[in-house]
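Here it is, the structure in full.
For reference, chains read A, B, C and D in written order, and residue numbers begin at 1 within each chain.
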Amino acid sequence: MKGPLVAVVGGSTCTAQEAEWANAVGRLIAERGAVLLCGGLGGVMAAAASGAKAAGGLTIGLLPGNDAADANASIDVALATGMGEMRNALIVRAAHAMIAIGGGWGTLSEIALARRTNTPVVGLHDAFGAAVAIHREERPEDAVRWALEQASRPGGIMDA
Amino acid sequence: MKGPLVAVVGGSTCTAQEAEWANAVGRLIAERGAVLLCGGLGGVMAAAASGAKAAGGLTIGLLPGNDAADANASIDVALATGMGEMRNALIVRAAHAMIAIGGGWGTLSEIALARRTNTPVVGLHDAFGAAVAIHREERPEDAVRWALEQASRPGGIMDA
Amino acid sequence: MKGPLVAVVGGSTCTAQEAEWANAVGRLIAERGAVLLCGGLGGVMAAAASGAKAAGGLTIGLLPGNDAADANASIDVALATGMGEMRNALIVRAAHAMIAIGGGWGTLSEIALARRTNTPVVGLHDAFGAAVAIHREERPEDAVRWALEQASRPGGIMDA
Amino acid sequence: MKGPLVAVVGGSTCTAQEAEWANAVGRLIAERGAVLLCGGLGGVMAAAASGAKAAGGLTIGLLPGNDAADANASIDVALATGMGEMRNALIVRAAHAMIAIGGGWGTLSEIALARRTNTPVVGLHDAFGAAVAIHREERPEDAVRWALEQASRPGGIMDA
């Protein structure tokens, strides 16, 4: 295996600041030998994939539609699932750990499902407040460090 | 068709008060000619299904596992999906409207996905605060009335 | 539970003879207290559902698309899965037994998956020859009898 | 993108001859710049992945279960789908072309679904006779050449 799968989730559109965080996260994931998993589209997903590619990493996109050509330009392996938003659950299940940046309803569905199924998830300036109780970090390097620590735990139990 | 599909979502364990609300909701769904859709297990799901059956309604359970025998005793049609928690996305997609009562991470994943995919969803004393912006009602009859109004709209656009 | 789920699978277009067989199978499933499960569309699916409704039965359709309105007119509960042809696997998994009539590639995928996952399947003049080794019957009543016998077995082991 | 996704499907146990064919196919897929997609387990899947790795290629496994550790030793990216045999449909959908070697019921389900959904599929000494009408080749190099030609076609229309 090429290293743990770390998913980066967030909106398909995002702010410049969110893109910067996502890019840094993608780069760090690649530098530390992990594989970037994401939904394969724009916004946070594209920024994270771009960061990972710039650092020579491997990027996997699980697309909602039937056409691999929908993937952003930094996706190495675009898997067209044809499952629509149900593919969110596939990302959560396949990931060894997950980092959420910004985000809307789709991202919230992924965070909640991750908590439900014990996929470790950390919020890096995610859009959700104290009502959504997840582990949080302020800096990309801390989010990636935490994610990789969690990914390497047997059973993947997290402490939020 | 036997009428719109109204999903009731909530925890597989719940308080006595939540069970009472769920039971009333199930009964009202049946009385008004709709079909109850749920995850087929215990807690809110079992209470809603029990209420629907008491009123002569039809109850459908989409189970996470491979064995239809896992369904609660009030489920008429138990569909074993074998998809684990990914079946939450199937409930959200198949429902014409959704009512959330109490709930934990699984329920939150369903609410968020419903908002993401435009399945109308109403919270009836759901466990989530103002951070989760959904339409809310205080009484079972109001929640069911709202759900049925939304279910009958072309395109299912909701006003939260 | 309203009785075992018996799936009827076959082409979305079919011959008049196939429709007659499917109609008889649907009627018999209903008469014997089982629930008809199918893909919800035309051809064999519509004929089977029509037969089941004529006998007062209950019919469930698992649709490939996102719109319940795509279901044929005899479907009581139309579940829009949005999973495309992946919904074939859902039919196979949820069914307690399966009857194949005529059919093309989609039907063959369901038969093969049923054999792979131990869902009992009987061919009633299915389109596949000796290369596809399944239990076969010549008459609708025999196919339904066999399917119901298999559906009631613990573990669902079949003898092909 | 790292090149087209070519799926290799076949039994999780296989003959020595089938393993040899699968190994050669995996090697050729890698040599020609494509990515190997498979079910991630043993038999034909393991032999194809081993061949691809020996040639420096990239290997993706879509596992039926929830644990990435179930993947064979030559899988670079193990995606645990938790969907059971339903993951066969995911392989078929994500692949740009598919090569079937030997095989049993699971493989037949994949071939049939590929034909149903227009994923180009070639049989390389597959276990199915003339009743299963797919394009066939005798040699690994011809099967891979055909698969890559099909994968590069717009729309992916095949001539069987």
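As a convention for this text, contacts are C-beta pairs under 8 Å (C-beta built on N, C-alpha and C of every residue); 3 or more make two chains touch, one makes a residue touch a chain.
This structure is a prediction, so every number in the text was calculated from the model and none was measured.
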Chain of greatest Cα-centre distance to chain C: A
Same-residue or different-residue interface between chain B and chain C, half as cut-off: same
Gap in Å, rounded to a whole number, between the CA centres of chain C and chain A: 40
Whole-Å gap between the CA centroids of chain A and chain B: 29
Chain A, residues touching no fewer than two other chains: 66, 82, 84, 86, 90, 93
For the chain A and chain D complex, residues of the former touching the latter: 1-2, 5, 35, 58, 60, 62, 66, 68, 71, 75-82, 90, 93-94, 96
Residues of chain B touching chain D in the complex: 66, 82-84, 86
Chain C partner contacts - residues on chain D that touch it in the complex: 84-86, 88-90, 93, 104-106, 108-110, 112-113, 115-117, 128-132
